[in-house]
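Next up: the structures, one after another.
Presented sequentially are two complexes of chain A, the first with chain B as partner and the second with chain C.
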Partner chain A sequence: MVNNHIASAFDRDLDKIQAQIMKMGGLVETAIRDAATAYELRDLDLAAKVRANDKTIDQIEETINDECSKLIALRAPTAIDLRLVLSVFKVSSNLERIGDYAKNMAKRTIVLEGLANSHDRRLGLKRLAREVELMLKDALDAYVNRDLDLARDVIARDMDIDQMYNALFREFLTYMMEDPRNITPCMHLHFMAKNLERMGDHVTTIAEQVVFLVTGQRDEDERDKGDMTSSDPEMSKTSKG
Partner chain B sequence: MAQISIDRLVLGTPLPTLLLQRHDGLDTIRNANALARDIFGTEIVDKPLFKVLRDAQIFDMLDRVFDTQTNQTCRFQRDVARSTMYYDATAIWMGPDQAVVQFTDLTDLETANQMRRDFVSNVSHELKTPLAALMGFIETLLGPARPDPVAQERFLKIMNQEAQRMNRLVSDLLSLSRVEETQRMRPTKTVCLNDILTSSLEVLQPTAQTNNVQITTQGLDQRVCILGDWDQLVQVFVNLMENAIKYGGPDNTVVLTLVGSVYEQTLRKTCAIVRVKDHGPGIDAVHLPRLAERFYRVDDHRDRKTGGTGLGLAIVKHIATRHRGRMVVQSQRGQGAEFSIILPLAAEINGELVSSS
Partner chain C sequence: MTTHATKISAEQVQVHYGDTHAIKDVSIGILDNTVTAFIGPSGCGKSTFLRCLNRMNDTIDICRVSGDIKLDGHDIYDPSVDPVQLRARVGMVFQKPNPFPKSIYDNVAYGPRIHGLARSKSELDEIVETALRRGAIWDEVKDRLHAPGTGLSGGQQQRLCIARAVATQPEVLLMDEPCSALDPIATAQVEELIDELRENFCVVIVTHSMQQAARVSQKTAFFHLGHMVEYDDTSTIFTNPKDPRTESYITGRIG
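Here is the complex of A and B:
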């Protein structure tokens, strides 16, 4: 009787935290979508909104961390329960990173507006952003429903993201070689593509958490990175914060 | 209101509707009508809301509803099988721990907006490229190339090409919008496909000669009549044969076939078929479904020299549709391409049998 009571109180606390995670996930999905739309439509107000909303995302992450710490301290969960709580930490920190990348895209959109670029065809990046957004949606669905198949599907799709990123990278490179005046704007476009590619990696980590939660193990085969450029976007280059 | 009446109200509402129960800060779906279950899944009753939908706007809206004890609305979107559905969500405060949420589907409106945005962004891109080139050359002509007649001649030639490119684009856009305007008006004049094809051939003869392409015809000696718009149909066959010449490559043959009357299963009508077949490199299967999309070009045809606008087949398809017909493409890599236009015969459109010979 007593045990049962403790278990269900733990479940309830955990549910509340998971509700927060899903809210955060929803906000991050919106951030990706809005960052892509702001870029597509040159909507600087929307870009500014993405930047502002990132603070809310950070706040929720803090709340989640606090709640999780409290939960561990108060209820001293063991084994499976502990695994659950730890996965929450992991998911929220990955979501927070994805939010940062979306914010960075929004910043670059604003910077790009001041630069002339003859090759600014906005559909390629938009398509990549859409793929990442859908991947995140599926990862979060998989997390909430403990859906192993969907999680593995998400992990496999990271390769497509890498390929789309590589194609964009080559495209931007061509433009830069064509005309030196394209270099600055195309560097920004490249970093935006790179932001999206990195988001894909974080989404994959979330999906890997699902695999870990359901099976208790990590999937063996190493992820194929498929990234031929290996340069990390310096998020700070457009000034941080 | 008694709980039973609330439940009956939820179930009977002609909009997707959820009844939520808030307990200890967590919202649970207490009831859902069939329309809501169509959207969110059949087994959503008694699940926590966050497991069913994940949207910060909705969560915030619900917080506002319970905090202020008022009704609230927000926008809500949701991806289903890769396509996005858009809703207006309205939450009605039903008491300290209950709220009803209703959804109005705005997807059609939003999709139309999205299509318009894509179109505008494509058009501006397509126009900007030649315009940027023109401006660049003008700058050079006014500056460094001013004293250089050889460079001037070369630049003017390129400028001429770019200007023609813009001109083609603008006239294709105008054709497309004209076809769209007439989309819902059935053609009323009787026209004969054999005459139309003969006329289209005359238009194309010079292009064929320049490219050393031989056009052979089959079946043009029979009289095949439909209800149609002469100019639009000429445009269809000119576009198709132009593509066959252009993409089939030089020193090749194009076969133009007119089939008088076949019963078409898909249209359930007796139809005429016009086939344009080339012997060029063909089209990879992955591209086939998208060929008639506006601005769609197979990647290796994107370069400037072939000079297409990517609107030709979009126009063809629209005109075929206006004539209650269809366009069918058959192709394989290395096997050439065959475009067929299937058009219901005059007698069939009127719904009565008239001999057309």
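Here is the complex of A and C:
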């Protein structure tokens, strides 16, 4: 709905909150990309930057919370306006979590560098990170453009992320069984993969907010779960068995 | 929410004031033991439609009402229906508190007296006390029942008027912007009272305050240019209305 409240200050408040969300989204996209690049290129300065920038992301989330509370108190939003404010709350807290996961990846990149026997198999994580980053970009585009089709596409893509994570899980397990000295680095790598998989879930929640914002309803949760590592004992078997 | 029986059912109601077509084809089922709010911009027909429900429009010469309005399944516009008896069953409270220039007691006793509801003084006393209690004003006036009603504060006067309206033991209470002349505290008291009245009455309220409709009603009907655009649970109207005109109005956009 176009912004044309009789009280134009209401429009300005809503615009301001949405601008904050986009700014936050941009920073989180960068955090994922930088965390993945820092890992790929063993760039410890970049990793340190990712950790430092997370503070800005946290601050924006707080600003958004304050602005939203104020808007609820002063404007008593209803219908589409209410759903917008509610979705802003949810989107910002999910972005904040994704930022935390990126920060954690950066932290582990630094730790990994100090470990002997660090693995050079960096491609899998990089591909996973790129997929998650792209999913987030699309989820945010869907949010700005109120694009239901794109949002539903993002939700469906979480399945791919889960499958990529499963493959990595198996790969790391194999390395650990090959040589116990691989266990420490592979545990870190596994946590990084898990971080990315969790980011995918948070992106999915953001895409679900687009559906709620536009339709006022939530899609039935018929999404297949691609992460089988926690439910299927077969998954813990490796190719080497 | 439990579903209540339909108390008033209107089918294709049309109202004309001379050449002006004020209400266009309105059909609605108003539920018993429920507060139903009519909202909409000025001149949308919500008060006009409210006044159809107890034939208050009969008093206006150029006003013509057609279509069906049934109270408990009986046509209230049937020639055999006495409008005065009807208004005893369908009471009304107005925007501006309008107590009679009589004592508090006589204000409330007036209706029961003309309808012959009390056989003795003690019975009438009881009716008056019950009504004042239902109007949530008994504690404030019980020591000065014979003081003039006009000496009360605005909020007290409005609650007195509500007590007066319930004294004839109506089944339906129509309220036409009952709080628009009251301060926020008195408004909150009247809103609290409206919520209590729901237990015993079918309440229909016209209000310009959307927040008031959201606070006190379970059902909301949105009127626009003589049409009833949308009628649904209040929570639905205020979170996810179906019609874009409703959405524009409740979110404060130009409709």
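Everything that follows uses one rule, which is that the second predicted complex is superposed on the first by the 220 of 241 C-alpha atoms of A that agree within 3 Å, B and C clash if a C-alpha of one lies under 4 Å from a C-alpha of the other, contacts with A are read in each partner's own complex, and residues count from 1 in each chain.
As a convention for this text, a contact is a pair of C-beta atoms (placed from the backbone, for glycine too) under 8 Å apart; a residue touches a chain by one contact, two chains touch by 3 or more.
These numbers come from a predicted model, not from an experiment.
Engineer: Which partner does A:80 contact after superposing on A: first (chain B), second (chain C), both, neither?
Structural biologist: A:80 contacts chain C only, not chain B.
Engineer: Of the two partners chain B and chain C, which one touches more residues belonging to chain A?
Structural biologist: Per-residue touch count on chain A favours B.
Engineer: Using the superposition on chain A described above, determine whether A:145 touches chain B (first), chain C (second), both, or neither.
Structural biologist: first
Engineer: Just chain B (first), just chain C (second), both, or neither: which does A:216 touch?
Structural biologist: second
Engineer: On the A-aligned overlay, A:134 touches which partner chain: chain B = first, chain C = second, or both, or neither?
Structural biologist: first
Engineer: Contact-wise, after the overlay, does A:18 reach chain B, chain C, both or neither (first, second, both, neither)?
Structural biologist: first
Engineer: Which residues would you name on chain A as touching chain B in one complex and chain C in the other?
Structural biologist: Residues common to the chain A contacts of chain C and of chain B do not exist here, since the sets are disjoint.
Engineer: Touching residues of chain A toward chain C in the complex: what are they?
Structural biologist: 1, 4-7, 10, 76-83, 216-217
Engineer: Which chain C residues qualify as touching chain A in the complex?
Structural biologist: 210-211, 214, 238-241, 247, 250-254
Engineer: Which part of chain B faces chain A closely enough to touch in the complex?
Structural biologist: For this pair, the touching residues of chain B are 24-26, 48-51, 54-57, 59, 79, 82, 117-118, 121, 125, 128-129, 132.
Engineer: What residues of chain A sit close enough to touch chain B in their complex?
Structural biologist: 12, 15-16, 18-19, 22-27, 29-30, 40-41, 56, 118, 121-123, 133-134, 137, 140, 144-145
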